[in-house]
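Each chain gets a letter, A, B and C, in the order it is written, and its residues are counted from 1.
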Amino acid sequence: MGRVFLGEPVVLYRKQGGTPVALEDRCCHRQLPLSMGKLEGDELRCGYHGLKFDASGTCVEIPGQSNIPPQARVRAYPVLEKFGWVWIWMGDPAKADPALIPNWWWAEHPDWAFSRPDPIYVRCNYQLISDNVLDVTHLAYVHATSIGASSITEFPATTEREERLVRLTRWILDRPPPPLYRDAGGFEGNVDRWQIVEHVPPCFSVNFAGCKDAGKRIDLMALSAPTPESEKTTHYFFGFVRNFGLGDAAIERVFDVDFVRVFNEDIPVLEAQQRMLDLKPDARKIDLAVDAAPLAARRMLEGFIARET
Amino acid sequence: MGRVFLGEPVVLYRKQGGTPVALEDRCCHRQLPLSMGKLEGDELRCGYHGLKFDASGTCVEIPGQSNIPPQARVRAYPVLEKFGWVWIWMGDPAKADPALIPNWWWAEHPDWAFSRPDPIYVRCNYQLISDNVLDVTHLAYVHATSIGASSITEFPATTEREERLVRLTRWILDRPPPPLYRDAGGFEGNVDRWQIVEHVPPCFSVNFAGCKDAGKRIDLMALSAPTPESEKTTHYFFGFVRNFGLGDAAIERVFDVDFVRVFNEDIPVLEAQQRMLDLKPDARKIDLAVDAAPLAARRMLEGFIARET
Amino acid sequence: MGRVFLGEPVVLYRKQGGTPVALEDRCCHRQLPLSMGKLEGDELRCGYHGLKFDASGTCVEIPGQSNIPPQARVRAYPVLEKFGWVWIWMGDPAKADPALIPNWWWAEHPDWAFSRPDPIYVRCNYQLISDNVLDVTHLAYVHATSIGASSITEFPATTEREERLVRLTRWILDRPPPPLYRDAGGFEGNVDRWQIVEHVPPCFSVNFAGCKDAGKRIDLMALSAPTPESEKTTHYFFGFVRNFGLGDAAIERVFDVDFVRVFNEDIPVLEAQQRMLDLKPDARKIDLAVDAAPLAARRMLEGFIARET
């Protein structure tokens, strides 16, 4: 499978044992994408002149030539399969650190169900998606007919900054649960609900939601991992975990179908923002109270980038 | 309705009383086009975070925030509905002057019929349209099978320049009227005909046509108001007024259908010119006698622009 | 017929006697492509204002104007019809030299059949096509299921450089003929086969192929004349000549259908190379032994260009 990440062409395949491999999707000889070639065991052969590369990106065969020059290699990207997704490190391989992968353990835990729809291809910069995820005010407008709630501003939200985390928190106390929660958790009276977003630079977010009363509690999280293709296009990976309704087809459908529709409501908004930014990149804009968390995330990322360079 | 004029996004709506409003089609907060929002009475609410703007472009509500910063506003463009069209002033609002709208009073007068087809979206610079309108020689070639006349050069045309007007005039004296005129006016012998184009910078033209004999006279005018979207695309607004055949379905059809087809004959020409200009912007070109009026119009416009800047 | 060659718009037509003419496809007056006009005898009239040009590019009539200024002319390109194709010289007309047209006499000789499929429009630089034609190693990979042979590297290839020619030669001695050759030539035992590519700058190649035994010999050549439209797009003209199977419908079909399919197998490869070059023009690349001939051709062309400028 060939994809472009951060402007770099990447070919993804699995070894016979299943281990994922990510190589530069451009033969070092005459630039054909290796994704147009074919797998031979754990190795990948270019479809133009037959150069064969192993999983480290080293060329191991040049048809019609016995010596293989040391520069005959393509870049190999560290990858790791975890929490139901393959994670790729696009930077200096020496700095790849599995500990930087967000700990989304629910996705692999038997007490939790993981809904993982197809990623959405969005024509916008990935940071517009992080802004969107870190902002629960837009629910009332973009998602007015689906999950929107008009009472969102009744309880204030707080923004916290940690070394490598921005957290937005809102508690809605002693109120009736929304129908999905009431039915799923069997709540009979009022509940306390939360909307918490934890964002880790550069682009990983978990939206925690759920509710509880004195005796019961249900949890669901939306996981967001927008993966930049270019400055203006993004593969938007997302999914949902929950600890209720496991094996319940109706609830499964809520997450596999209804919530995907909710995420799709954001796409025209995100793409229109990008079009407006393209039309006039330096158009005046103002920041509001609801931007505290998205701005904190952008500044945290800028800080990381500044320290790197 | 969202449109782009001169590279600026504009949202157009009507107040409940019908008055047209034109605002910047880009929320001052996070750049969503306001045309993706919804009208609430005379005000427009953004579809992303719910900021509400009044017809002056002032933000009058920010959900979840009591104070509204003074910079929370979008640009408002002066607009005026007149002669069946909405006219917008894209420049400094203080300089908007209704007197600059060309006086196309026939469009609103009961003795005249006004045919107003849908504007045509043309992939060319608006000045190529003004060139086209100010040039009646092309009728013989572009419109050979519709309104073209081979005898166009029998009578010379003159070009006059006033302070804010270029006028091209040709009289065709003592000749048989074309069938449309003959039937519409009931002429029995020869007539005098005229083709007069009055062009007002930056882009408004009236093509006067008609004929008369000792006793009768009929008039028709083509009104052109090409409205630039970008340097290379234009919303071509046009229409026809006439003082004959009012209520006559056959004549109405001539203007609503046949003349629209004539205007559409110009579109491939205009777009091919633009493609050639894009391919080689500095290609050599020569001017001919027939270019006197279009060149006068271009120079007049250049003069206005130079004085402004 | 209007086409773009080397970024220049060209209109092609035939005089009444059949002689081909190539003129600048852009009226010197207002840039309309003359290919949107109409032929009047041996002359071409612009479809906008009716300027008429003769086959030398000279304007011979301006409607409504008696004097014709000397600058009223479009560029005329030397053309010559030869070997079943029309050849155009895009440079200084004084330097046009029919002797520079490659001598593909088989295309016009009665002992040879000439198959001449429609040119293919390829979204790549023309030099990628020359690289491809001068490289027979790719047969084993790109054309694995059609004409590819796994034994290609058993016999070495040599590269020769002449003043205005690069030649790649490989002989495959004393081996069974492939089925097409065996059936067409009636060979019963082993044969000697050849693969010879002669490339003449800037972009003309002949791929000689065929086989012989002590008594018989069959020849076929693929002729390639990729014609650049722009830096990144090419009209790929190609054809095949052969001295066997004349009038044999089955063999004709091999060349008109099967070999065209083979050429089409290269198109996705060529266009993917161009996309990768666009994505990162300065991506690292290495050269291999099989690149000797393509590199020699590129260097020879660079030499010609350097001497010209």
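What we mean here is this: contacts are C-beta pairs under 8 Å (C-beta built on N, C-alpha and C of every residue); 3 or more make two chains touch, one makes a residue touch a chain.
Quick caveat, the model's predicted, so the values are computed rather than measured.
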Notebook entry, point to check: Between chain A and chain B, two copies of one chain sequence, what rotation angle (nearest 5 degrees) aligns their Cα atoms?
Noted result: 120
Check: At the place where copies chain B and chain C touch, is the share of residue numbers found on both sides over half (same) or under half (different)?
Finding: different
Next item on the list: Indicate the whole-number Å distance between the mean C-alpha point of chain B and the mean C-alpha point of chain C.
Entry: 48
Checklist line | Touching two or more other chains - residues of chain B | finding: none
Notebook entry, point to check: Touching chain A in the complex: which residues of chain C?
Noted result: 131, 135, 137-138, 140-142, 152-153, 268-269, 272-273, 276-277, 279-280, 283-290
Notebook entry, point to check: Any idea which chain C residues touch chain B in the complex?
Noted result: 4, 7-9, 26, 28-33, 36-37, 45-50, 62-65, 69, 71-72
